[in-house]
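In what comes next, subunit A is part of two complexes: it sits with subunit B in the first one and with subunit C in the second one.
Here is the complex of A and B:
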C-alpha cells in the first residue's frame, strides 16, 4: 500500500517538474511563429480591425485636389464597380513604399481613388509628380476629420469597396507584394473584379 | 520609525504628482472648468490608437489631439459621456476603451480570476484528500487478538 503511494507521488513529482518545461516550450513555439509571421508581413501586433468592414462608408463631401473633382460619401456608397480608396500624405514615409504598389495595381485596371490626409495640396502635387499618380480622383482632407469618421489611425490605409458600396477589406500600412498576392488578389477574384 | 517617515513622505510626494496630460496648447482647454473636467475624464478612458498604451489625454500624437478636440466639441454641444464614448467605439471599436467591456472576445480576460480561483480550489481539494489518505495509510496497524491479549496481560501484571 505505502509502496504504491510513493510510486504515485514520484510520478506526481515528475509531472510537476515537467509541466513548466512543457509550458515554456509551447510559449517559445508560439513566440517563434509570431516572429515569423511578423517578418513575413502577415501579422502586425498593432493592427486594428476596421469597424467599416461589412458596412458602407460614412457620409462626407471633400473638395478635389487643386480644383479637380472631389469625392463624396454618396459616390462611394454606390460606386458600381469594385475599387480601392487609399488615404495618403506626402509627409508619410510608408506612403513612399505604398506608391509603387498602387501604381502596379492601377495598371491592372483597378480603379483607385485617393484621399490626402492633413497634407498641403502643393506638397501632394509634388509627391504625385515624383512617385506617380495611380488615382482616378483625389480629394483633400486637410483637417483629417473625415479620416476619423472612417476609423483611420495612420497613413497609408487602403480600403476595398465592392460595386454595391460595402467595405470588404482595410489594410493599414504600406501594401506589399505578399499582401497583394495573398489577401487582396483572392478577394478581388471573389468579388469578380 | 525613520523608515515609516520616509514611506509617508514618498506617499505624499507621489500623491502630489498630477496625472501627466499631454495638452501642451492652453487653447485646447475649455474655458468652463466643469466641462473641461468631463472632457478630460472621457479622454483618459480612451486609448490613443497611435501609441496604444497611452490615453487620448496623455498622448502627443496628432490623432489624439484631433480626438481631444472632437470630445470637447461634443461636450460643449451637450452630448452625454455615454454618447461621446459610443461615437468613438463606432469608429474605432471597443479597442479604443482602456477598460475592455465584457464580450465574447474578453471572456477569458474577465473570467481569469474565477478560473484561477477554481483551479486553486481544485488543487487544494486534491492535495488535502491525498494528505488525509496518506495519513490513514500510515496509521498503526491494529493489534491482532493474540497481541491484544498479550498487551492486556502485561498491563495487568
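Here is the complex of A and C:
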C-alpha cells in the first residue's frame, strides 16, 4: 500500500517537474510559427502600415537631377501605367544592396522613378555611375519634405503605384529576391503589368 | 588582415568550446582525471580566442576600417573615439560577440577562481558553459558575422546612431550583459548538479556569489537603461513597460528569487529542486531577453534589425539550451531529496513567500509582454498591452512582498511566531503608519501608502541590524562590538532592502509628477507645479557632428518669484544619420527634478515638455544602493569559499579516485 502511494507520488512529482518543459514547448512552438509566418510575410509584429496604401500620392513638385526632368505629384496621381517609385540616397548602405535589385527590375521593362532623399546631386551622380541607373526619372528632395509627406521611415523605400495612381504596396528597406518573387511579382501580375 | 584573424579566432573558439563541453562532461562522467584536468585550460584558451576576436573588431572600429560592414554601418571617421569603440557593441553583431566574450570570460573565471570546487563538479560546470558558448559562437560565425567585409568599401561610414552617442548607453550593454551572462554560471551549476544528482549546502554556497554578482550588475544595468530613457528619450518617464525593458526585468525577478532560495539551500538544505529550476529559468529568461528581442518578434521602441532567418537559428539554439536543461531537470530532479523541514511560519517560509510573489510578478510581466504577439498569431488582432495593465497587476503583488520583506529577516529559522517579530519592529511599523496617515491628510491618496511602504522597508532593514546587535539594549560599547562583528552579508541584505525602499519612494514620488506639453513663443511664461517657466530665447548651436536648437528657460518660484534655475534643453540634428535627438535639460536638488524637453518648432514657437518630478533621482539612487548592498554581501568572507569546502573537496577527490580505480 505504502509502496503504491510512493509510486503514485513519484509519478506526480515527475509530471510536476516535467511541466516547465511543456510550457517551454508551447512557447517555442508559438515562436516558431510566428517566425515562419514572419519569413513568409504574413505576420509582422512591427507592421507599420503606410498611410498611402489604397490612396493617391500627395501633391508635390520636385526638380530633376542636374537639370533633368523632375517629378510632380500630378504625374504620379495619373501615371497611366503601373510603376515603382524608389526613395534612395548615396550615403545609405542598404541602398547599395537595393541597387542591383532595381537594375534587375528595370530590365524587365517596369518603369522606376527615383527620388533622392537628402543627398547632394554630385554624390547621387557618382552613386549612379558606380551602381547603375535603373531610373526613368530622378527627382531631388534635398530638404526631405516630400519624404515626410509620403510617410517615409527611411531609405531605401519602394512604392508600387498602379495606372490610376493608387499606391498598392510599400516596402521599407532593401529589396531582396524573395520580396520580389513572393510579394512584388504576384502583385504586378494582378495589376496586369 | 586583422578582421580575418579575428574571424579565424571565432572559428577557433567555437572548436575549443565544443571540445571544452565534450571533454569536460565526458571526463567528469567517466571520472577520468586527465580529461577533468583539461577543462580549465580549455576554458581559458577559449576566452583568449574570443577576446582576440573582440579586440580585432574594436581595432577595426578605432582605425575606421570601412571595409568591415559593421564599422561602415555603425561608425564614421567623424565619430569621437569613445563612440568608435563603444559603437562596435552598439549593434546586433557586435553585441552578440560581446555576449560571447562575457560568457567565455565567465568560464575562465570558474576555471581560475573555482580551485576550491570539487574538480569533477568544476569540470561539469565548465563543460556546460562550453556547450552553451559553442552554440552561440556558431551563431556568430554563421548567421551574425561581426567581421564581414564589404567591397568596394564606402569612403565614409553611416555613423553611430545619435541616440547611442551617450556615455550612459555606451556602457549600458556591457553591464547589462555581464548581468545576463553571469546567470549562466548559476545555470551551469544547476545543470552540473542535475548531472551529478546531488544538491547540497555547498552547492548553495557556490551558486550564491555568482548569482549575487550577476544580480548586482543586472540591477545596475537596468537602472542605467531606465536612467538613459529618462534623460535621453525626453518622454518624461523612466520605465515604459516596453518589451525590451521587460525582457531585462524578467531575469532580474527570478534572479532575485534565486538569490533568496539559494540561502535556504545553503542554510537548511531545503528548496533544492526549486532553486535548480530558478537557476535554469533565470538564465533562460536572460537568453530569451537578449536574443528574442533581437529576432524582431517583440515590437519595441528599441527595435533592432528584424530578421526572421536569424530568428529561426536563435530559436533552435534556445530550444536546445533551455529545452535540454529542462528535459534533464524533468528526468533528474526527482532524484534530489529535500532534507530540511520547516513550518510555514519561519524564515524559510518567508523566503518561500518571497519566491512565490517574485515569480508571480514575473509571470504577470511575462504574460503581458507575450500576449500581443500571441494574440496576433492566433486571432490575427493587433493589440498592445500598456502600463495600466502592468501597474494594476504588479502593484498588488509587490505590496505584500514589501510588507513581508521587512518581517522576514527577523523571523527565526524552522519555526517562528509573528507576534515577537512584530514586537521588534513596532517602531518601524508605527513610523510607517504615521507617514501613511499624514499622507492621507495631505491628500496624497494611494501615494501615501506607497511612501509608508518605502519607509517601512528602510526602517525595518535598520531595525534588523539594530536587533542583531542588540543596539539600545546592551551598553553602547558592547553593542558597537556586536555591530562590528556582524557579517557583511547581514549588512549587505539590510542595505539592499533599504535601497529598494529608497527606489520605491522615488517611484511613488514620480506618480505625483506634474507635467505639461505646451507650445511657447520666446517671452511666454507658463506655470507647472509650483514654478513659473519663462521661455527666454531660442538660439542655434553647433557640435562635432550635429547642429542644435537650444531653448533657454528660466524657472522661478511661482509664489515668491525668486529664481530657481535656468534650463537649456536642446534638439540635436545629426545630418549624417538623418536623425534628431532631444537633449533634455534636468536640474535636480535631490528631492525633485525640473525637467524640460524640446519638441517640434511650429509657427515661430516651440513645443516644450515640462515636468516637475518629485523624488525622481531616488529611483536610481535606490538601485545603486541595492547594487552596493549586493556588493557588500559579496565581499563577505563566508561567501569566499572557505575551509569547510576544502574538507568536502578532499573527500570528493578521494571518491573520484576510487571511482577511477
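Keep this in mind: the second predicted complex is superposed on the first by the 154 of 193 C-alpha atoms of A that agree within 3 Å, B and C clash if a C-alpha of one lies under 4 Å from a C-alpha of the other, contacts with A are read in each partner's own complex, and residues count from 1 in each chain.
In this text, a contact is a pair of C-beta atoms (placed from the backbone, for glycine too) under 8 Å apart; a residue touches a chain by one contact, two chains touch by 3 or more.
From a predicted model like this one, the values you see are computed outputs, not experimental measurements.
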Which superposed partner A:136 touches (first subunit B, second subunit C, both, neither): neither
Which of subunit B and subunit C A:51 touches, first, second, both or neither: first
Touched partner set for A:91, first subunit B, second subunit C, both or neither: second
Partner chain in contact with A:151 - subunit B first, subunit C second, else both or neither: first
Partner chain(s) touched by A:35 [first = subunit B, second = subunit C, both, neither]: second
Between subunit B and subunit C, more extensive residue contact with subunit A: C
Partner chain(s) touched by A:24 [first = subunit B, second = subunit C, both, neither]: second
Partner chain in contact with A:10 - subunit B first, subunit C second, else both or neither: second
Partner chain in contact with A:118 - subunit B first, subunit C second, else both or neither: both
Common interface residues of subunit A - those touching subunit B in one complex and subunit C in the other: 46, 118, 144, 154
Residues on subunit A engaged by subunit C in the complex (per definition of touch): 10, 13-14, 17-18, 20-21, 24-25, 27-28, 30-39, 43, 45-47, 91-93, 96, 117-118, 144, 154
Interface residues, subunit A side, partner subunit B - complex: 1-2, 5, 46, 48-49, 51, 118, 143-145, 148-151, 153-154
Interfacial residue positions of subunit C with respect to subunit A in the complex: 69, 72-73, 150, 154, 156, 158, 273, 277, 280-281, 284, 292, 295-299, 303, 306, 308-309, 311-312, 315, 318-319, 322-323, 326-327, 329-330, 333-334, 370, 372-374, 376-377, 382, 575-576, 578
Complex contact set, residues of subunit B against subunit A: 49-50, 52, 62-63, 66-67, 70, 90-93, 95, 133-134, 137-138
